[in-house]
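Encoded as structure tokens, here's the structure I'll be asking about.
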Amino acid sequence: MADISMNKARVMIRKALQKGRELELKPLSVVVLDAGGHVKAFEREDGAAPGRFAIAQGKAYGAVMLGMAGTAQMQRAEQQGYFMNAVNGVYGGQVIPVPGGVLVRDKRGVVIGAVGVTGDTSDNDAICAAFGIEQANLVAEI
Amino acid sequence: MADISMNKARVMIRKALQKGRELELKPLSVVVLDAGGHVKAFEREDGAAPGRFAIAQGKAYGAVMLGMAGTAQMQRAEQQGYFMNAVNGVYGGQVIPVPGGVLVRDKRGVVIGAVGVTGDTSDNDAICAAFGIEQANLVAEI
Amino acid sequence: MADISMNKARVMIRKALQKGRELELKPLSVVVLDAGGHVKAFEREDGAAPGRFAIAQGKAYGAVMLGMAGTAQMQRAEQQGYFMNAVNGVYGGQVIPVPGGVLVRDKRGVVIGAVGVTGDTSDNDAICAAFGIEQANLVAEI
Amino acid sequence: MADISMNKARVMIRKALQKGRELELKPLSVVVLDAGGHVKAFEREDGAAPGRFAIAQGKAYGAVMLGMAGTAQMQRAEQQGYFMNAVNGVYGGQVIPVPGGVLVRDKRGVVIGAVGVTGDTSDNDAICAAFGIEQANLVAEI
């Protein structure tokens, strides 16, 4: 398996949103990117701010392009801020280096995409992303 | 009603894709933008090329921002190419002025967003978008 | 197979360059992009102009992102120039819609990347790209 | 000698990758830029994240354009962050100021290009780049 099917993407989004409702989080937005960092599917809940697509995408995009999940990106940004700034330069400013950008791996460990969630705290966003990924029988790296 | 709910967006996407399968079209990608031109939901079928999100978005974005559906944009582009080029300048190059960008109006005629479809011929793309909109009890302007 | 290995990429580049020498073409530059449009390998022959990387990449990038090889892109550009201009807008101006951007398919027909060649006439560029792809036991769509 | 030949570029890349395998590093990506900062050759190992071309290029690009290797750039970034930010402004955001961007000098000391390596720690990246340069009978400045 080297790709995320549309059906898997739907499951990941639905389950991530369901987890957000269970935890009574703010309205969430969830994107699924493929192994090349390209948008496969997206949904924005009613009440979420209009610009949330770009935030969700930015969290997931950096994860795929660097092969590094949001938590690791945030640590690097805190230790060596100019490096993550420079990374954003070469990626056209499309990277949001915080939790909520979660790598999706298949059972063999190969990165096949990423899920980006935004709307609540970064940590809660990441919990919902990981839940969606696991419900699709894939492996999450937060 | 001034907004497209997430449920309506899901219906529009599912029905547009269903129509594509009925007509045996190539794999489609479908985006729903809200009344501000911002992404509400998106799905890309398996087998569609990776860059199709940007094409779908570009069709729908011009429709919302100009209040002019894809067919009218194409006519303008053919008659007065420099005008649509200039429009693209002020909109950051994000407009694809061909059929498949379909305006969504509520029952009173107010524009509440747009659907963008890409993957087959522009005319077939528009048919699928309009079908999805109508199945959600909204009014399509192709 | 959903990816181009580094070894396959090397074969494609070497064989494309070898074909160029056989045909006594001008110095060539050859890029291999993966299924997400990202650079896997590149070589520029001695004597080629310094800016040839971007031309090779632009030919291959549009092919992957649209799922449409250079010849088909050129036909579209000639019939509906404003459409290909608009496509370039949404892809950040990274598309060169002429022959020499050749799709790479695996034996089942799935697009797994593209080869971009530049340096001689567009038609000769495409011949070299296709030769390299075939020598790697993959299928070329010019 | 004012230029890196394609054969020298191949040697530098092969040897840098060979060193990475010897040291059991993560999958590496290696770019060679010429004396004008333009891409001469590149390879990305299987398993490396898709966005690694831009990181490798950014490391090498700053080295050539400033005539300052990655280690010196990093020191400057840590001492005077606004300066390296401003440098990135004038170079279009294409500079990654960390080790792994290694200057290539000929025997007379003239800068004829740079090698950029990414994938493991910055220090390990630089070791591999320097090894490749030395194996091509050129002089590395880390």
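Each chain gets a letter, A, B, C and D, in the order it is written, and its residues are counted from 1.
The rule is short, and it goes like this: a contact is a pair of C-beta atoms (placed from the backbone, for glycine too) under 8 Å apart; a residue touches a chain by one contact, two chains touch by 3 or more.
Chain by chain, the UniProt names read as follows: A, B, C, D = Glcg protein.
Quick caveat, the model's predicted, so the values are computed rather than measured.
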item: Length of the line joining the C-alpha centres of subunit A and subunit C, rounded to whole Å; value: 31
item: Distance between chain centroids, defined by C-alpha means - subunit C, subunit D (Å); value: 25
item: Centroid distance [mean C-alpha coordinates] between subunit D and subunit B, Å; value: 44
item: Residues of subunit C whose C-beta touches two or more other chains; value: 3, 34-38, 92
item: Topology of the chain contact graph, where touching chains are joined (line, ring, star, complete, other); value: other
item: Which chain pairs touch, all of them; value: A-B, A-C, A-D, B-C, C-D
item: Subunit C residues touching subunit B - in the complex, by the definition given at the top; value: 35-37, 64-68, 80-83, 85-93, 111
item: Subunit B partner contacts - residues on subunit A that touch it in the complex; value: 3, 5-6, 9-10, 34, 36, 38-46, 50-51, 53
item: Subunit C residues within the subunit A interface of the complex; value: 2-3, 34-38, 92
item: Interfacial residue positions of subunit D with respect to subunit A in the complex; value: 48-51, 54-55, 57-58, 77-78, 81, 84-85, 88, 92-98
